[in-house]
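For clarity, chains are labelled A, B, C and D in written order, and residue numbers in each chain start from 1.
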């Protein structure tokens, strides 16, 4: 696997590893069957993500994208954070090997899952923003390739 | 094809090449389809083969066995000549590659064909020696291998 | 890449060409370029070299030279054995027995046949990766035409009871193929004793180059051609012969046999040292594969709560070249079919590491490797939500 | 063997590895032994080398790198192309069109399919060995799934109207494979223009080693795998990659393309000189194959009344290494199927000689060769009963 220097840096020195014990919201996605699980804790104050921490079981790019995704949403408003896409995460890492693109989806999904919990808990979910969480409906980790 | 020195010698310097214009008998066997034809002329005096000549269209071992077979029957009685076998010819040449053993059959056959002509012409053929010419019945050159 | 000392510990994936092997190959690559099928002297020289190599390989297996057919790799040998028997015996039946832990060369060849109306029984293995010979017997049906069970597994190193399985096949008059790609050159194979009909080998597992293998076909075994073409290999395998590699293959095999006693001792010492130290130093770690019925150079671990690729990248960074699962699926997202077959749950199957020693391995590498692993595993567990959950549960 | 100067004139059978090719192979054979499927740095280096080679080969053919698949030889490429399409399209139909003068790799692959219920049409060729494109059109049926016609013949050198045949296949939406083993490196092949879907190449015909080839598979063409196994070659051809040979193959192909204009001129001059002189000096001799639509390095003669092997032995003795028919059948008793197909009677088919020039050929060899041939033919005719009969008839 040829990883970019950025990926290697975020893998070897991941930012924001850990738990937030008094987290405003948490999200956990993925499953062991597919080989990666990501958990994100967010601390939200006045509509701003003031802290984000993660724990990830997964391959190099799963860990690197977790690190990068949490970096990217820190200090952002909820609306801004909801705009985070897996493509943006992968680009911020100078790209990922094609076979690893699904890992960046995991990071987007984990952040959204945490935000969804926050929206649900705080009654922020409504008809106009509901669609932003659509991706959590189907299992983004269902690789769908024919296995042989 | 790895030929013995003897084969090479008899191929490069074949003995008894030619025709006997006043031959006592001649035999010609093989066919162009199989890639070898051999013709033997014999000069027979008092039941002794005093001369033998051949012409052969064929591979190296066809020519070498022709040469050797004519050498082996020269000076021999008819009975002795009839005992010539392809195995003996091949052995006299220090062996032939397995795939080329059929060529030595050609030489035995050609000698027998000439002798048969002599026996027929001179009324020497009888019930007790007829079987010696059996091999001329079926085409020894029908390789019988499955061709693919 | 960093400039640390690089330690190659993936000899099951491939090995370098050893100098003695290159030495016998070079003159042929340079000068003896004749085509062994050619009539003239140069061709016959090549032919002789080829046949001498065949003799050497036959001697290594205690077989007859006429039973050795050169191929382009272990995969070809496996494909030929399986598809060749399937085709030759299709009138007799269309049932094939194999195991769940075969190499993909065997499994995918079987799957290809499954798509053509053959029925494949994939036998389970036990927790150590062993096939039960009695399970082979139980699976045999009147339409069974082939049993194919590998001699030693490429991931977990487990060595199968080939003699017993072969005996059962023989009793039932069923052709028995074994993929000995990992076994050849590593453990003794005596085909005058072993009831094996077909056996696959690949050179690059024992210091010959990649791209040359052999299939042993016991005299009298019915098998169709796979590579149809010219009259090479006694009409059974077309394609102009790769003489330099074949000669290298024979030389490497011969050396491996000559050095086997010595190298087995050395490799086993390294293997056992690593296994013992890793199991001691890294908690929640298991050894995959049979503890003793295993290839002398193979160690395979599952580190709980963490994922294999992460371990590999860190090891690579620290200079250790190992693999997780088999090399040819390392680009894949699927966990190893072998580890699932021995009963590991997915997360443990994902967290495996294969270390395979070889000629270049040194005892001093072991401690450095264990140190590295301790650090890496600790680090990755710190990041792992599974570890976090486990700690909370067990507080 | 005598100590005369040895002149190799059998470049269609195989060629030596040229020094520039050995030079790029050696460092890989010695040091870069990584398995391209391996995760760590060493494996990725090998992977990169492999992909660069693929790019080079693609450039030589004006194709995309993703359309190039490395194989172990021309025979494998042919088998894969033919059996792969047959399998992938078996539901569509089971009819395949080929010609009577294909290499055994194609003919025997077709015969293997014939044994499995496929129907093969073997097209006739004309006296020059040309396939009539209209005959291809006429042979197409609703159940035709593949046309396989070689680009240039290995025995008589005739170059087929591949573009026209491909056009007809395309009009009829039928997959078209061409065996370009003799053509690649000898004549230009531009796959951005040529309507060819599958194309086989082998390295040892252009100064790469024996045991490496490629199959070009045009994007979108449906073809099953042949060598089932690991995920190598984008999941389409299992087996650990033979990196050194693949690199040598790419280098040799690249050099052949770069030098093509020059070498074509040189080879054609030798070829034409030999043809002219032999036809003049040796009576009752015919040139087999098309006079101009032929490979630049190929001359093929039939000498009436004498047999080919005898000619070969004597030539070999005098230092000239040539062939009669194709190398891989030279151990066989059958006359060349190609010469029979162009209409030669058996005795002429048996009396053929193929001379194929290459890099080592020199103009001065021609006259010596002609001298030798004059003597040999005269000598063998003296021994020949056919010549004797002919002389008597024509007295």
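Heads up, the rule we're going with is that contacts are C-beta pairs under 8 Å (C-beta built on N, C-alpha and C of every residue); 3 or more make two chains touch, one makes a residue touch a chain.
No experiment lies behind these values; they were computed from the predicted model shown.
K.L.:
Of the other chains, whose C-alpha centre is the longest way from the centre of chain C?
P.N.:
The chain farthest from chain C, judged by C-alpha centres, is B.
K.L.:
If I count C-beta pairs in contact for every pair of chains, which pair wins?
P.N.:
C-D
K.L.:
When the C-alpha atoms of chain B and chain C are each averaged to a single point, how far apart are the two points in Å?
P.N.:
56
K.L.:
Measuring from the mean C-alpha position of chain C to the mean C-alpha position of chain D, what distance in angstrom results?
P.N.:
Distance between chain centres: 34 Å.
K.L.:
So how far apart, in whole Å, are chain A and chain C when each is placed at the average of its C-alpha atoms?
P.N.:
39
K.L.:
Two-or-more-chain contact residues of chain D, please, as numbers and ranges.
P.N.:
39, 108, 111, 309, 313, 330-332, in rising order.
K.L.:
Scan chain A for residues touching two or more other chains and write them down.
P.N.:
1
K.L.:
How about chain D: which of its residues touch chain C in the complex?
P.N.:
It is residues 1, 6, 8, 10, 13-17, 22, 25, 29-31, 33-35, 37-43, 72-76, 78-79, 87, 103-105, 108-109, 111-112, 116, 202, 204, 209-212, 224-232, 238-245, 309, 312-313, 315-316, 321-324, 326-332 of chain D that touch chain C.
K.L.:
Can you list the chain A residues touching chain C in their complex?
P.N.:
Those residues of chain A that touch chain C are 1, 3, 8, 11-12, 14, 17, 19, 28, 32-39, 55-60, 62-63, 99, 102, 143, 145, 147-148.
K.L.:
Which residues of chain C touch chain A in their complex?
P.N.:
On the chain C side, the touching residues are 108, 111, 305-310, 313-314, 317, 330-335, 345-347, 350, 382-386, 388.
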